[in-house]
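Pasting a structure below so you can have a look.
Chain naming follows the written order as A, B and C, and within any one chain the residues start at number 1.
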């Protein structure tokens, strides 16, 4: 076995391929496109041009590249008053855990291209959702470690928001699993088939999921923990350079992960493509379909910034417990009814 | 919605002056009236300031528009006038009546604070305190408002503080 | 020199300034400094003490952009303070210098011709719309509504260009003079103004859709920062903020100046006193200002052009200046105005600026400089509201209240 083969097999080893190359790299591109779309779409509503001059032909897409490079090479200022190790570690762990769900998310029904061995895929939904709950803890840690009134207030707000909206996000994503009777993402997608998508069968859970994702990943009009007019940048106030980029990127990654899960759970995953044999038919095309659906979800969430303002913290929590949680429970009830009727 | 009425300001002002005069004389306060363009100043002695203020507040002058202090170094006095008007009494709304007192010019002049009478005077008294060094006895929170203490120390609005301007032609030869 | 050592809540001082005893922070209170280097504070600082999420105490600390307007006003002659005072609120330039000009006119005993009065009122209303739109823009940012920010800032451009067509300057127009105005309207101005008015009316409907009737924005504003009628009078709140609390007070009505007695307009008054009412007052005021602009433009178009300075002053114009006035409608400043003397006396001039009543007390000792200029701007009088309105609200209400008060630090600090 030559060196090249070793390298190739290492790169195409499914967990690494999916987690690092597709997951991180792909998510980075998606984050870039999402930010670009967010700025362009908002600019369109606001009668501006948006990013443009960095590359007029690409509509200013390179602007975002320049932004990323700037963050990468900016000086990282670490104030004397912070708790050094938690301050450094929190964004890194947060980012790492944000992309970890890619490692358990199948993007095709062909078992050769699953990131995990088929036996482990039985509980993929459970594992993926479990991992998505971890990064917010590090946001709270970073807020606490930065040791500044604004970061602490921001961290506490993050805790409040996460407590209410993570629960809703997870419950609403479980609704399809309840209806199908499986925690295997592949099973759920296969059960949906070409037409029985859960966006139609269970719109309540879908709506709750979108709302909860927007809130819990601090999408722009709902970035209560980072609300600029009162708490500067919330938990990230003291961060600069690459650490700040990790923090902010982590939120986009999380949103993209949730987008993937929503597209698999509610939007029929890789359908209308039925995965076949080989790399192209078995992996490239179906995963492309899933990613495109996920991107649409992320962009839809991004577009909200042009329309809505920011809720007050207590109003957001009020909405969570009084409106969205009952909506989610109704969605689960609907899923139970569907399971009882035996639609699948 | 308020429609613009044809309102004669000078008659309103006259009415307000009558009202203020009655309020003060009913309390037995001695005063003198000075006329300005568009307002009247009622000057009282220092000991009548608080009583006069209370009387005027009862008469309907509910807020301070401007706390105007002028420095007269030649006459060795400050002229401190609370310019008042009314929001709630429509008859005299908008008419400016000043309640003033003459303060001898010394290093640390002081007058009784009227913040307890008119809350709207609070920040303006702080402003006068820093710009003129006039202390207001009984003010709840007498701190400089706009200036930093070293600058407030110079009492910038007193007439003996002279603005020194940079000479932009300094060092430039006059010809050639 | 004084060592300016800051003790908690007061200032240490050796030369006579009072030291305020340090205020103890309660055991469970959390102190947050909103400003001066803070994206949501403007050029000021609000020291906020929090009990959990509730503001217990707020101490506005203003003065970060103080420029000694009152002292500079005493050494610059009578004309030069006009461009100086504009710097307090450059997007409200005509309004903010109007009271000074009115006070000097009272002292000099000159009266501008009716045409000049209309011109000045026209620019004042254009400025008022600009100031309100600026306030909306900042308010939008404070509430996380970036679309409102961009729309209002963009639509403000229409009125800035209108002002530019009238005066030649986008922001600091230096337009009113004691006894007149600087320029007559250009020939294409009436069309331009009418188009701007129609455009703004259309846009206001869109503002209502996206901002004022937006459920999120409404839930942020309704019942927040309520100032009752009594409290507003006690604190001496002015302008749209007072009118939102049910106080029907507008200088244009209580002491009409310029062309306002001739114009047909209404002053909107709301009773609720909350942040939403303060916002709605501004929307209604923009509508009224549009009406005034229409009327003023119509009058100016219909009536023949005449010299736009006071008769007495015009008599002193040299032939060249008279020629320029007749051909271009432009009032050139007389050379003697640099050393102009104003009769002895005291005068108060006031006008309704975009943010409320602004008062100038001008005293002359008959010399070439004003003896004393006391300036109390609208924002300076509204600053006290922070101290008494904020406590009891949540920290996230701070931007909503700040923005709805439309507080503008450079105007307040003078």
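Methods note: a residue touches a chain if its C-beta (ideal position, glycine included) is under 8 Å from a C-beta of that chain, and two chains touch if they have at least 3 such contacts.
Just so it is clear, the structure is predicted and the values come from calculations on it, not from any experiment.
Between A-C and B-C, more contacting C-beta pairs join the chains of B-C. Using the average of C-alpha coordinates as each chain's centre, B ends up farthest from chain A. Chain A and chain B have Cα centroids lying 61 Å from one another. One finds 46 Å separating the Cα centroids of chain A and chain C. The distance from the centre of chain B to the centre of chain C, each centre being the mean of the chain's C-alpha atoms, comes to 21 Å.
The residues of chain C never reach two or more other chains; the list is empty. Every residue of chain B that touches chain C in the complex is listed here, in rising order: 1-7, 9, 12, 36-39, 41, 62-66, 68-71, 83, 87-88, 90, 93-96, 107-108, 118-120, 122-124, 131, 133, 135, 141-150, 152-153, 156-157, 161, 163.
Of all residues in chain C, only 30-34, 38-40, 53, 140-151, 154, 210, 214, 216-217, 219-220, 394-399, 402 touch chain A in the complex they form. Contacts from chain C toward chain B in the complex involve residues 1-2, 4, 10-11, 13, 15-18, 20, 62-63, 66, 68, 70-72, 75, 103, 106-107, 229-230, 232-236, 242, 247-256, 260-261, 263-269, 345-349, 357, 359, 361, 363, 371-372, 374, 376, 380-381, 383-384, 388, 413-414. In the complex of the two chains, the chain A residues touching chain C come out as 42, 45-48, 149-150, 153, 220-221, 223-224, 227-230, 232, 305-315.
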